[in-house]
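Lettered A, B and C in written order, each chain numbered from 1.
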């Protein structure tokens, strides 16, 4: 991955003080990233673990009641809300995103592809609070009019999240489609398969782990999203029974109550952060494995 | 045969439809917000303070600039140096894998976790209070992985021959890096910085817990301030004025679009150069 | 392309160096007021007046929540804490100096389209506990009630639940019995925005911040007005507190003094109730 320096290494005077200190300086910077990660994890654990100890891990994870004033700290409803909203969003955006990636990689002319890619990059750049605001003024009132109940709902969160993770899924899927060796496609076409058959039977399966990496990355973004969700989801800490129920995600729980919390409630919020973090690290791990397998750069 | 044809037609339709839908999603959001926001943007809106009867966003723009400058002042040198280490010095080994694992993990952490951390560490433990400094340091950690990765990509595009030539002429390794490698990778590094600016400008969750939301032009980096994105969040959640919210969102979108366009052009420039 | 790059580099450098200079001249003597979002607008008005009277002094007002305000004053991340509820027994033990800045009513607000004009405290309690779920149970049209509440820990919520007995005492602590599926909105403005946008919603918010977008109803037949709060006719009212830690510096004490001076009381009296 590096233009190999071994070739030239002997030329370098190893005893040169300036060289050594520069090298040390660069190494130090590189280690700072690692140090940051360690500090973040340490702080989360220091602040979060005592609460888990006091509440009990099992109660914390499986209790559905969140009522800090009564010392009830169960986040099952929020874990459920987080997973449902993220998976719902994935369902929508994977279909649309992967097909868009197919369009970009296989069907579009260079000019159209460039414009569409730019549009999608722009979509990726839109701040999450703008998405949330859009959801608040357009999607929430729309759901309220159609289904009643106020409109702040799981469904609103799903729609907003699916828009937000679309760019991730499109760009990574496209990259992995392009990484499929040309011979696969040419071989398939030469054997008389149609373009559609080639795409769905040969290219997509070959790009499978890259697309899977895209899906996991999208999942990570959806699970971690805060500001957009807070504005549209209604934030009631209850188990969602339908798409139109108000839900509170783990991220929303942290952002909503952090300013007000003290004592055990604050620790419980950090503990929520720990659970969220564990989810994210699992997903990150999956991404790393899948990306390495498909040769896609994140 | 006919049936395959039909299903193929349907699949084509699905593909084109999806592409159109992706495009529409973007146009719908940007179009709607700009349409609603643009009429209320004028010079007064951009240049007046947010105090009493004045509802300008000048203080938020200044705070956002502070935030960009300060976070980059921290993240850019560290990120570029890390990338130099990873690309120019390190050999694949445990250490590199460790650092790579750290940057990958950092880039996946949700911004609310950064906010939580920043609030605990910079605001409370280091006693920096809610200030631009606390916010910027939090953001610096957040954009660090982005700077490192994009800079690394840029360094990789510098042909090995440049380095070998320079070294063969007797230049030291550090001279080679500073005089030859970095200038050749400049556009890529700038792109990484522009992308980071985009993230800093758009960030809310990590900033509002760490930098606060005071609506005054900050007098220094230990003052609290409200960035444009936080301002939009407060306007939206407090329901103070949707007109102002649309206008602020429009300003935010214009900035982001401008940055994207710039990054895009630079990236095209790089691609042209290397191919 | 080169030009753009140099331009950007220049901008980044300029910003960077401005930062450095700005950093050196940083005003560490800024007074930080942190706490209740309900107190924030009043504190901001007082701060503006105080800054005008004392050039050179700068005051930062952060609305993050009552509990955060009490904590910030306690651990000295803020010079002055703001709270829109009384201190809890635990917080009282920290022995902070507190002044009652003002009294504020809590208005129960509904959508202007809603014809209901009057609810008893008991009806309000039942609505927020989920025992009354339809407007026709309180004399309105047949429509489900959408309860909008603040987040746990909010001073306004704590005070509201205590006053309407939506919260009950258990082991010396107030335990909230708010119905679980209430829409949770953070901030007075958010309550107002939600109630204004949803026909069947009911919420509660600081009296001083209510505007025409929502309708404040009578409670037990009493209109929520400054006069009625002063006369102790209107039952839903709570104090706004300013808190300082014992070792707070002179500037903080001077501001506290200003807030309770006649001049400060005049500002308070515009929307809230100054305390003698």
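By our rule, a residue touches a chain if its C-beta (ideal position, glycine included) is under 8 Å from a C-beta of that chain, and two chains touch if they have at least 3 such contacts.
Small disclaimer: the values here were computed from a predicted structure and weren't measured.
With chains as nodes and touching pairs as edges, the resulting graph is complete, every pair of chains being joined.
Looking at which of A-C and A-B shares more C-beta pairs in contact, the answer is the pair A-B. Centre-to-centre separation between chain B and chain C, using Cα means, comes to 33 Å.
Chain A and chain C have Cα centroids lying 34 Å from one another. For this pair, chain A with chain B, the centres built from the Cα atoms lie 16 Å apart. Counting partners per residue, chain B has 237 as the residues that reach two or more other chains. Residues of chain C found to touch two or more other chains are 64, 185-186, 194.
Contact with two or more other chains is made by residues 230, 259 of chain A. Touching chain C in their complex are the following residues of chain B: 51-52, 65-66, 68-70, 72-73, 76, 123-124, 127, 129-130, 133, 186-187, 190, 193-194, 212-214, 216, 218-224, 237-240, 262, 265-266, 269.
Those residues of chain B lying in contact with chain A across their complex are 4, 8, 11-12, 14-19, 21-23, 25-27, 29-30, 32-33, 77-79, 81-82, 84-90, 92, 98-99, 101-117, 119-121, 141, 144-145, 148-149, 153, 156, 158-160, 163-164, 167-168, 172-174, 177, 198, 201-205, 209, 229, 232-233, 236-237, 242, 245, 249, 252-253, 256-257, 259-260, 264.
For chain A in complex with chain C, the touching residues are 65, 67-70, 141, 144, 149-152, 230, 234-238, 245-246, 248, 256-257, 259-263, 265.
Taken together, the chain C residues at the contact with chain A in this complex read 64-68, 70-71, 90, 144, 146, 151-154, 167, 170, 173-176, 180-186, 194, 197-198, 201.
Looking at the complex, you find that chain A touches chain B at residues 1-5, 7-8, 11-13, 16, 18-19, 22-23, 25-34, 36-37, 39-40, 43-44, 47, 95-97, 99-100, 102-104, 107-108, 116, 118-123, 125-134, 136-138, 163, 166, 170, 194, 196-197, 200, 220, 223-227, 230-231, 251, 254-255, 258-259, 269-270, 273, 276-277, 280-281, 283-284, 287-288, 297-298.
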